[in-house]
Amino acid sequence: MATGVWLVGARGSVAATSIVGAAAIRAGLAEPTGCVTELPQLQGASLPPLSDLVFGGHDIADTPLAKKVDALAAAGVVPARLVAAVAGELASADAEIRLAPAADTQREAAALIAADIAAFRDRHGLERVVVVNVASTEPLVQAHPAHENLEALDDALRSDPVLPPSSLYAYAAFSAGCSHVDFTPSTGARLPALAEMARRHGLPHAGHDGKTGETLVKSVLAPMFAMRNLRVRTWSGTNLLGGGDGANLAEAGPNAAKASSKQRVLAETLGYEPQGHTRIEYVDDIGDFKTAWDLVTFTGFLGTAMRMEFSWHGCDSALAAPLVLDLARLTAAAHRAGRSGPLTELAFFFKDPLGTVPHGLAEQWAALAAFVRGLGNA
Amino acid sequence: MATGVWLVGARGSVAATSIVGAAAIRAGLAEPTGCVTELPQLQGASLPPLSDLVFGGHDIADTPLAKKVDALAAAGVVPARLVAAVAGELASADAEIRLAPAADTQREAAALIAADIAAFRDRHGLERVVVVNVASTEPLVQAHPAHENLEALDDALRSDPVLPPSSLYAYAAFSAGCSHVDFTPSTGARLPALAEMARRHGLPHAGHDGKTGETLVKSVLAPMFAMRNLRVRTWSGTNLLGGGDGANLAEAGPNAAKASSKQRVLAETLGYEPQGHTRIEYVDDIGDFKTAWDLVTFTGFLGTAMRMEFSWHGCDSALAAPLVLDLARLTAAAHRAGRSGPLTELAFFFKDPLGTVPHGLAEQWAALAAFVRGLGNA
Amino acid sequence: MATGVWLVGARGSVAATSIVGAAAIRAGLAEPTGCVTELPQLQGASLPPLSDLVFGGHDIADTPLAKKVDALAAAGVVPARLVAAVAGELASADAEIRLAPAADTQREAAALIAADIAAFRDRHGLERVVVVNVASTEPLVQAHPAHENLEALDDALRSDPVLPPSSLYAYAAFSAGCSHVDFTPSTGARLPALAEMARRHGLPHAGHDGKTGETLVKSVLAPMFAMRNLRVRTWSGTNLLGGGDGANLAEAGPNAAKASSKQRVLAETLGYEPQGHTRIEYVDDIGDFKTAWDLVTFTGFLGTAMRMEFSWHGCDSALAAPLVLDLARLTAAAHRAGRSGPLTELAFFFKDPLGTVPHGLAEQWAALAAFVRGLGNA
Amino acid sequence: MATGVWLVGARGSVAATSIVGAAAIRAGLAEPTGCVTELPQLQGASLPPLSDLVFGGHDIADTPLAKKVDALAAAGVVPARLVAAVAGELASADAEIRLAPAADTQREAAALIAADIAAFRDRHGLERVVVVNVASTEPLVQAHPAHENLEALDDALRSDPVLPPSSLYAYAAFSAGCSHVDFTPSTGARLPALAEMARRHGLPHAGHDGKTGETLVKSVLAPMFAMRNLRVRTWSGTNLLGGGDGANLAEAGPNAAKASSKQRVLAETLGYEPQGHTRIEYVDDIGDFKTAWDLVTFTGFLGTAMRMEFSWHGCDSALAAPLVLDLARLTAAAHRAGRSGPLTELAFFFKDPLGTVPHGLAEQWAALAAFVRGLGNA
């Protein structure tokens, strides 16, 4: 039985790359490079196979998926030769993308969203659906009392638009009986009321903010300094990025959300906060290929000053897409295995993981491997 | 009861920095930054305290230690203000350094070396002595049948100089009942005959080649690529270094030894060998502050090509010295706890570790922590 | 006959390094490395010799110069061994530093400043004095009608504080018959009223903003791209700096002034403005050693995308100080040769040079060499 | 009247990119980015227009040009959309490529080469033909007495193969009355006997070794350090390159030729040789996109140590091709203007320029601009 992947932001770069990639792998035209769940250490009967994923989603844009994919091919994100080969699958996915519904109240909007998802599940006879948020990053949201518990929230939604869109999608996902993955730094399910809702419905959820570039590197380098008892003095980062995500992040609001989730790994793995900040600058010409530069200054034996620099030239969508597939498989398997609440074992995938978890990549990997083994027994 | 640290190459940069540092830390003038055994996770009653280490050693040079230390201060490796403060301790250590003995046969030379070490132990009433090789890297050595078993070796030493100096020191160490640490890429105890000798005498030994810079970074970055199922295509490194070690490594022989021990981590953590080489270039002006630059090209989802570069500007002696202190403490504790043979759990410290062990730093760290906990129970 | 150098900000890093350096070179203890006027191509009888410079100045701080120099030595900006050797000269210079005078009106303050300078000139029987602004960078200043002509300015100064400090010093310098150099991005003499004043008094002036690091590199790389008809798409820079100047620039106001003077070279040498910004981040740990990182993306034949990155690790005060000495010598010589008004031929030294001048370093060099030759004939 | 460009190595990357590019520009499908002779400062009636160039050449390979171009498109060197558009022109050029002729003596081989070129000139009614060597770099060649004068050479060629292929092509070019450009570091026309031959036939020639990447950057950075009287201590470079040229250079012989021509710029612009070497490493995965990394350490005022690093990620063929077009136009124009012997004014284009010329790019640019102006008057 197939598993549905409902992408919020289904016409965006990450979503489109995920859909193309799943189709190409299924067709034997591409290796599952970058898919963590395809590593021998994590393979197991418990995960739905890549080839059994069916895609649909919501977006506020109506650009045809094929057009987006052409742009990605022109930019070198996906190989042009694959695009033609998976045209059929792209068309099927496109037919399953709905415009984000408008309604008088958020309660009604949530119901419409949930109905779209349920219809998708029925239409394809899916065992279950994982809702994955890969929509544009939202600005930081102001706290509201109705965020604190589910009753208050249910009430408020009848009248006031108290939820940011990302949280409304999470609300709708849970009410449709679906698990939920926050691949963005937006608020999403990160509200007490929504955590409560997930638990009540017995649904697992994962997040936040896919860890694909500079933060991934930090999550191995910072523990290295810590394990060697070297004192990091400064860690300053510059991220130059273009593409749709870059344009959005260039605005002060979302930028702040993203930048703060990027520095958390340092405090958590070092035990203190070094000097320096992470900057995001939008540079149209860079496109989907991000360039990050980090300077680390540190002190060694007898106070000797040393330094390290790195540059990272990564294609963000190509780094994110296989993780979206991984997260969909893992979350679906957890759902099937009866897991509910925050999937803290998936910290490996996130810049700003749920729960009190290790931020060093190796420990997160160990937790992930144990999690998959656990599912296997389920 | 104090523990002796007998340094082969006791007048070199690493040795001198270790001696100054131990004295400065004991005197409360410096933090034990860079000392792994001072991390909360590794502290335990089982390790001899830093302040109980007594230093001596062999060298082929007779430059006063104080002069070497002045040069290190001028180069910014150790702070000038510390040097005056530990002059007394430096003089004591200097008085315990012997010229490498000359003799007609290697058997006699070994006996003289062992006698020097035993006299040191007696003079200071030391519980035990750890011999640590921090002498200049030797050229790769040709195989000889006498390397294969202890009887053949004992025989051969009466007539032929079959051992390189590093191995002769290991032989002497074992015959004096001392444990042994190979901090260099030289042959040292890495011969079947010497491994046999260590086992027979019930002595532990550790090695090879302290992991302080580029290879340390590789040992966290390569696993990162592996854990993310990203395919590393090229890993090319350039190491510019000066100082005594640099001058020596610039010669083709030792350079080859060092460069090959530097690439092992890639094959072992990735499971395949990417393209590219590691080059060592001697640049007098660089002094003790090495600059390494590495380029990594890798492939992600759907074959997308990406890359990462890093530059590392580290002070080699400052990175090595605290590890020498760590290794002396850990090996002495293992000796006391009755451990003998290769201490594979110390892979964390080495570029080219003994035994079939993980090369990822995080797994090596876990093995080290378990090792220290094990000693605590002893 | 000696030449006076009156430093505004005389207790700062650049000033102190200049004073120490001039003394050390005079005493034969250091080479004039970094002094452009000591190059064979620029040497000539027309310039006052380095050894004939006498130092004094104003500051708002009263830290003894010796204390500042000790801090610079500890930070590795000046060699500790030199400091002791030039203690006498430092004391003499210290005795010639006055607190920035306070007065009821700016007119009175200017008179007091001018009187301090004149007294210095008389005391030492100096042929002439060059006033060089190396004080902290000021925030951008709001336009005021009195800035537009000298009469209006003279009037306004009786009642309103219409000038920022840097401009008041320039006013005072001109009224004392001194030439003036703006080494900072502050307003200084960059007002029509002050340009008029310089011309009326027959005084030369130079500026703005010493070109010492990232911008220096830009001034050769940008012309390289232009000469090769390569199209620069993005030029994004990150400057991490500490020290007194860094702390000051971290505030939004001065930062903006500096960052905009840093990008001018691109538009001027390329003929268009590439994407990207220059950021200045204050990092205390970096101290006087600035790290700049720049990413340049460019397009070549048939639109092929390429890129270049550079990191610059320079000691700002050590880069600036020899240029301060050069500028004092060149401006004094121009004054003696009867030059007045803006010395546009000194664009070589500045990020934001006066006049409509080439921004490519090589053309600026040619103009400088011609200027020095011209003086030689005077 | 059209001008012929006869490419030795006509099926290689540089040649193919040049041919595609000239066709695309002529067809209005691409801008002449990277073509120096299209800059306003160098445009003039004296140069044959880009659209009047006709291509032919020799190669030892017989891969169809279209196949080579497809590979270049797949590698991102030329845009795939252009390739189809210029298929006709590619076919025409392909029809003008001859296999390098074999013969019993080099004298006969030279005659066959010259005949191929003359037939090409006649077939197209070309005003003149420029022979440009863009074939694989040869190993360094051993000196031979016959290299010293033309009579000796003419004699020797009857019996002994005394010339490397690159020089034989130059010999043939001159005997066919053609000018010659050495775009490679091979020997080419760089022999006294061939210089004599060019003079006797009244033919101009230019060389050696197109300056496209790391050396180009050096030619602006090294003068920067010189103009600022900063002392360069170390300049160490690493060049990682793939493609056909990379594979060839990986062999020790050609590598040495190339590496030595890369360091000349330093000695010439600085006036001394800093420490450090230039390494070339072949990395198949890098393809036509070279990555170079250079470390420069330098000393400033009072001996302060500083450093700079840069990485250059350039597409070698895309950088070289427009220069090949420039050189063909400039050399043809010089020929028409009656110039003969070495065109030292074209040093701008070469790593290892002919004659005693400045190595700073800005001075080379000035010489080039004067040269073009001079032609205009001719």
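All chains are identified by letter, namely A, B, C and D, in their written order; residue positions are counted from 1 within each chain.
What we mean here is this: contacts are C-beta pairs under 8 Å (C-beta built on N, C-alpha and C of every residue); 3 or more make two chains touch, one makes a residue touch a chain.
Listed by chain with UniProt protein names: A, B, C, D = Myo-inositol-1-phosphate synthase.
Keep in mind the model is a prediction, meaning the values are calculated, not measured.
K.L.:
Name the pair in B-D, C-D or A-C that forms the same interface as A-B; by residue number, over half of the contact pairs must coincide.
P.N.:
Overlap exceeds half of the contact pairs only for C-D.
K.L.:
Decide which interface, C-D or B-D, involves more C-beta pairs in contact, and give its chain pair.
P.N.:
Contact tally favours C-D.
K.L.:
I'd like the Å distance between the centres of chain C and chain D, where a centre is the mean of that chain's Cα atoms.
P.N.:
Here the centre of chain D sits 43 Å away from the centre of chain C.
K.L.:
Taking each chain's centre as its mean C-alpha position, how far apart are chain B and chain D in Å?
P.N.:
49
K.L.:
So which bits of chain C are touching at least two other chains?
P.N.:
As it turns out, chain C has residues touching two or more other chains at 76, 307, 309, 311.
K.L.:
Tell me, which parts of chain B touch chain D in their complex?
P.N.:
For this pair, the touching residues of chain B are 233-234, 236, 238, 240, 275-277, 279, 281, 283-286, 291, 293, 295, 297, 307, 309, 311.
K.L.:
Note which residues of chain D are touching chain C in the complex, please.
P.N.:
Listed in rising order, the residues are 17, 20-21, 24, 30-36, 38-39, 76-79, 82, 216-217, 219-221, 223-224, 227-231, 289, 299-304, 306-315, 318-319, 321-322, 348, 360-363, 365.
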